[in-house]
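Shared chain: chain A. Partners: chain B in the first complex, chain C in the second.
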Partner chain A sequence: MKTLFIISWRNIWRHPARSAVLLAAVIAGLWAGVVTVGIINGVMQQRVDYLIESEITHAQIHQPDFLAEGYSRLFIPGHDEITQWLSNDPRVVSFTSRTITDGMLQSPIKTSGVRISGINIETETQTTNFHENIVDGEYLDSDINNAIIMGEKLANDHNVEIGNRIVLTFEDTNNELTSGSFNIVGIFRSASATFDERNVFVRSEDLIAVLADEPVFHEIGIMLQHEDMAGEITSELNAEFSGIKAQTWRQLSPELSMLVELGDVMMILITTIIMIALAFGILNTMLMALFERMREIGMLLSIGMSKLRVFGMIMLESIILTISGAATGFLLAWLSIRHFSGAGVNLEMFAEGAAQVGWDYIIYPVLTPVEYFAILVVVVIITLLSSLYPAIKGIRINPLEAAKNT
Partner chain B sequence: MTIVRTENLSKVYNPDTVPVHALRDVSIKIEEGEFTSIVGPSGSGKTTLLNMIGGLDKPTSGMVRINGEEISKMKDSKRIDFRLQNIGFVFQHYNLIPVFSARENVSFIMLLQNRDKKEIEQRADELLEKVGLGDRKDARPVQMSGGEQQRVAVARALASEPKFILADEPTANLDTKSAMNLLDIMSNMNKEQNITFVFSTHDQRVIDRARRVITMVDGAIDKDEYQNTETNEPA
Partner chain C sequence: METYFKLAWRNIWRNRRRTLITASAIVFAVLVAVLMQSMNRGSYEVMIDRMVSFNTGYLQIQDYRYNDETSLDNAFYYDDELREKILNADNRIEKILPRIETFMLAANDESTRGAVVFGIDPEKEHQFNEIKNHLTDGSFFGIDDQAAILSRGLADRLQLGVGDQLVLIGQGRFGMSASGLFEITGIMEHPLREMNNQLVYLPLKTAQEFLSAEGRLTALMIAPQREGQTESIAATLRDEITDSELAVYTWPELMPELLELMEMDLAAPRLLTVVLYVVIGFGFFGTILTMTMERLREFGVLLSVGMKRSKLASVVFIETLFISIIGVIAGVVLAWLVLKAIDPIVLSGEAAQAVMDLGFDPIIPMSFAADQFYTQGIYVFLIALIIFLFPLLKITRLNILEAARS
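Then we have the complex of A and B:
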């Protein structure tokens, strides 16, 4: 084995430039591939984390028809019993109840359709980090009556600012049209300009005062110790309470769930493209090396080197070359991801476009040990597979090649 | 003692299209200690015969026995191992492993035989001394002249302690001085250690040094005669 290793190692460096080019290609390919996968993962993860932590939460409870129809009369029955149940469950980290209705926002210059969410400041702050999106003014903990915060885009569209008043008109729980005047206390900017354009937030007690005769809630957002618990807890809630529908974030936002799956598909796709290029690189280099050494391999077979050893020698050459390149590529990729996972990849030049579709422009690449391992396994398999053909061709060389005059 | 024996050996290339009869019913015996040249014009079948004797090619009919064992019907893997243990090869183009030093080239075949490391080192050094390359052990083929490379090839052929050595045009690429030097080395080994050599050659210098000359024409033996000898008799 030692002899095979020595001969393989020296064969690799017989043409240093050629081996170096392949090595550089493996290193660059692996680095670029792993970092790209890390960035895509980071983008997906950030989007998912952002939506879960600022809007959706891990699970939500509604009246079964509320999400489809949106009427304010479709509030959650038995709200207090449910919140009591949630308070007693150790898997639940926090939860918050929201009063929601769709309505019209009127300013002196125009009218827009918006979703009005009445929130409990204390529990909302414990459950989501939406309050971190405030870019101007203050959150709803202001002393001002009928306070409202609105998205930057919506405020700009209506040419309103902090201190201005706007009117919200909506249907109350008795299906009567009602309206209220609200004072702008804060402006928020989330990752999505579309969200900012269509959502306003008020205190739930202020909204309930206009909307219903008694406290009503249309949504309970729940944060759990781990997102994996969402499935079991929603099942238990649906079994325990009638007239409600508890759903996980994946059920509530199928597009977000699809985004996670898309990330996995992208990883497979990018890895496959890189691996195919890698495989052809190895194949080409090893076949060139083989064709140059027909006589030499013929000689080895003539003097008594077994086909198994010749096979092993050729395989070993590919493996040493590719694995050393892959290891270096992985190391560089790991260092890059480690650096950028802290510092972030700043894509500020695309910030405006990214905001339109709800993406953050600073990306923090993420790659789990399992993903590193999966890519490594694929590299090893591809190396072995692409080395097989030259190795098989090598053992089929006729020993008589050694005696040829040309 | 008979080392090599062929009986009615024939080789036909392209039997189904344009048959080429490279060998026709060749029967020879080579005894231990012979220094034999197989000669003949190009296409006479001398290299084909050498390849058959060396187990590098299979005959269309007939048989080849080496030291009593029939190699023409052996499986590929068994023949490779048989060659490793019994036959030494010297090629026209030396065919050394370019990434190995002279010493490593000689040692390599013994490593394939799984011999003891100390024994390998000792024997490689001895053989290189014998071929006059004691001071060139660490040189790689690219750093050596053709004559030096061919002497390393002879040392490599001897390293496995084969029953006999087959040399295909060993002096074809050498100048006169190097060729004579190489022939001296092989001739001395033959005389002193009774090592059997079989050459395929055009080179008159080799033919002149051989004690037996087998002349081939059109794939058959035309003449088989002894020269410069008092001990060997024709087969």
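Then we have the complex of A and C:
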């Protein structure tokens, strides 16, 4: 064994250039794997975070039928006890209550269906960063009475601008149609134009004044210390309070969960493609290296070295190269991820359009220790597998034939 | 010159195995590059298709005033003459789909909701976006029935089912009042959630009469045979209908925000393609380097018997050209075959569920757009040429004595 090891070691150094290229291929493969996974993770994480932080929050509470039916009489029963519970829970970072109703927005031009959300400016700002989406005018903290902010798309469709007045018509908690006029103070633009087209925001006290006789709330948005806590918080809430339904962001937004799931699939597919490229590069180099040494291996076989030992020798060379390559690649990958997770990778040069509000072109790669380890294992296995074929090929050499070749 | 070609051609077949390995490295590089591109493009195209076929269509003809003021007053007159004229304008137009759209109030006996009302031709609509597959209850109506199809969300909100009567109240063209009773013949699950909560489909003829807009449409959607033809068809149509009051729009003009979002989606895969090229490059370099080492002795002998370095370099360069061209062509063919074999990738597990929840087929289709085959072929060819500079460099610097000894 020791002799075999020495032979392999010397073989590696007999062709420093070739060994260096193999090393470089393994290093590049590992680095590519880590960067790929890190970037895809980063893109996904940023999207999910954006939607959670600006709109959906980690968990939401509604009256069970509210989301399906949308009637304003389906408000949250026992709202104050729930908020009391939430403010005593250390896992809850912040929460905000919203008064919501579906209704119609009328301008001189036309009528369209919108969801009207009455928000509490103070808690809303602590909980979401939706206020950052304002592109024109001011947020609802304006002094103007019955202030409303609306999406850019909706405002364009209705040909209205800041300072104009529009009428909102909706059913109050007694199912009576009622309406109120509101003054546009700001225009927002979120990442989704459909969202901008269908949502308007007012102050909850202004909405409650026309909607109900007492303060009612239809939605509580909750931000937690960590998104993984959403599952346990919602089940505790559902057990503690009756007549409500608490849901996690995944349950609330099928689009978002599709994004996450599809992102995972794309990551696997893209990583597979890159790994196939790596495997083939290594396989080819090894095969080439083997054919170059045909005569030498034929000689070894004919002077009586057993096939098993020849196989062992070739594999050992690959293993030594792979392991040192993987170790170096891992270090490099770790360093570059560490660097880019702070500085970010700017994708702007790869994009043809203008930057979009909401999504950022700067991606901060994210990689968990488990993923690091998985990539390391995959790259090592792929390298070893791709050197298996040349090694098998090596012991099949006919010594006579090989000795004839130059 | 001819001698060079002959020499090169014989050289590459002298050591068939070496040539095959080198060529296979190129074949594989082209294969993975096309695969990656095709997968990215495929998922991009399917996203556009889902958004576009249910929303705006790839191309749309409207009255030129409609985009500024989406009112029924700006509906245009559509008859067989106009239909023929459009169909004959460009033979790449595959389907055209008439629609009339407006906003109305939908009500049951106690409650009222805002609804987007589409007047459609059910058969044409089905050809366009397979709408009948989204029907969950009941059946479709004929083109002039006094009937309606409700989206699931709206039906739940109004607590209406198949066989119930739906009341629609609103305004027709030029302020004519429009109210009527419609029998609900079916309930459908609309894949776009925002729409699912507010959509009513009426038969086209019924809707036109109901809205005092006989023979008029708000939009005519046009589907090209392939997505890539959108712009050029738009240009032809614009030439054709200059004299009338109609305007032609393409989907990027109608949904600019979708295009921006797509651009963001494409930026990360583009970066990953670069990562893939790095891996391909390293693998390929390994193969070429080993090949060069193997032939050093041969080069040394040739130089020492008096062959000029420049001539030798030319012969080797022509060899590499041959190998690259063979490799790229074989790679493109193989890539096409592999794509045919794996298309489409069928999702499973949670990812499939998440996609189906939104009403789509759980597949990632591959793109067969012709340009990706040759652009990727050319890129890999260029990478190969750059790497093939290495043996040339080696030839110009080769120490004859040392080479002969090796």
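By definition in this document, the second predicted complex is superposed on the first by the 288 of 406 C-alpha atoms of A that agree within 3 Å, B and C clash if a C-alpha of one lies under 4 Å from a C-alpha of the other, contacts with A are read in each partner's own complex, and residues count from 1 in each chain.
Quick note on the criterion: a contact is a pair of C-beta atoms (placed from the backbone, for glycine too) under 8 Å apart; a residue touches a chain by one contact, two chains touch by 3 or more.
Predicted, not measured: the structure shown is a model, and the values here were computed from it.
J.: For chain A, which side has the bigger count of touched residues, chain B or chain C?
T.: Of chain B and chain C, C contacts more residues of chain A.
J.: After lining up the shared chain so the two structures overlap, which partner does A:113 touch, if you call chain B first and chain C second: first, second, both or neither?
T.: second
J.: Between chain B (first) and chain C (second), which, if any, makes contact with A:238: first, second, both or neither?
T.: A:238 contacts neither chain B nor chain C.
J.: Would you check which partner chain A:277 touches, where first means chain B only, second means chain C only, and both and neither mean what they say?
T.: second
J.: Would you check which partner chain A:104 touches, where first means chain B only, second means chain C only, and both and neither mean what they say?
T.: In the superposition, A:104 contacts chain C only.
J.: Taking the superposition as given, does A:289 touch the first partner, chain B, the second, chain C, both, or neither?
T.: In the superposed model, A:289 contacts chain C only, not chain B.
J.: Mind working out whether A:11 is in touch with chain B, chain C, both or neither, as first, second, both or neither?
T.: Touch partner of A:11: chain B, not chain C.
J.: Per the contact definition in the header, classify A:328: touching chain B only (first), chain C only (second), both, or neither.
T.: The answer is neither, since A:328 touches no partner chain.
J.: Just chain B (first), just chain C (second), both, or neither: which does A:178 touch?
T.: So A:178 meets neither chain B nor chain C here.
J.: Touching residues of chain C toward chain A in the complex: what are they?
T.: Per the touch definition, chain C meets chain A at residues 17-18, 21-22, 24-25, 28-29, 32, 35-36, 39, 43, 68-71, 103, 105, 110-116, 153, 156-157, 159, 170, 192-194, 197-198, 255, 257-261, 263-264, 266-272, 275-276, 278-280, 282-287, 289-291, 293-294, 345, 347, 350-351, 353-355, 357-358, 364.
J.: Please give the residue numbers of chain A that touch chain C in the complex, ascending.
T.: Going through chain A, the ones touching chain C are 15, 17-18, 21-22, 24-25, 28-29, 32, 35-36, 39-40, 43, 68-71, 102-104, 109-114, 153, 157, 159, 171, 175, 177, 191-195, 197-198, 254-255, 257-258, 260-262, 264-266, 269-270, 273-274, 276-278, 280-282, 284-285, 287-289, 291-292, 345, 347-348, 350-354, 356, 359, 361, 363.
J.: Quick check on the complex: what are the chain A residues that touch chain B?
T.: 3, 7, 10-11, 13-14, 295-296, 299-307, 309, 399-400, 402-403, 405
J.: Can you name the residues of chain B that touch chain A in the complex?
T.: 47, 51, 54, 56-57, 76-77, 80-81, 83-85, 89, 91-93, 95, 97-100, 108-109, 111-113, 156, 160, 168
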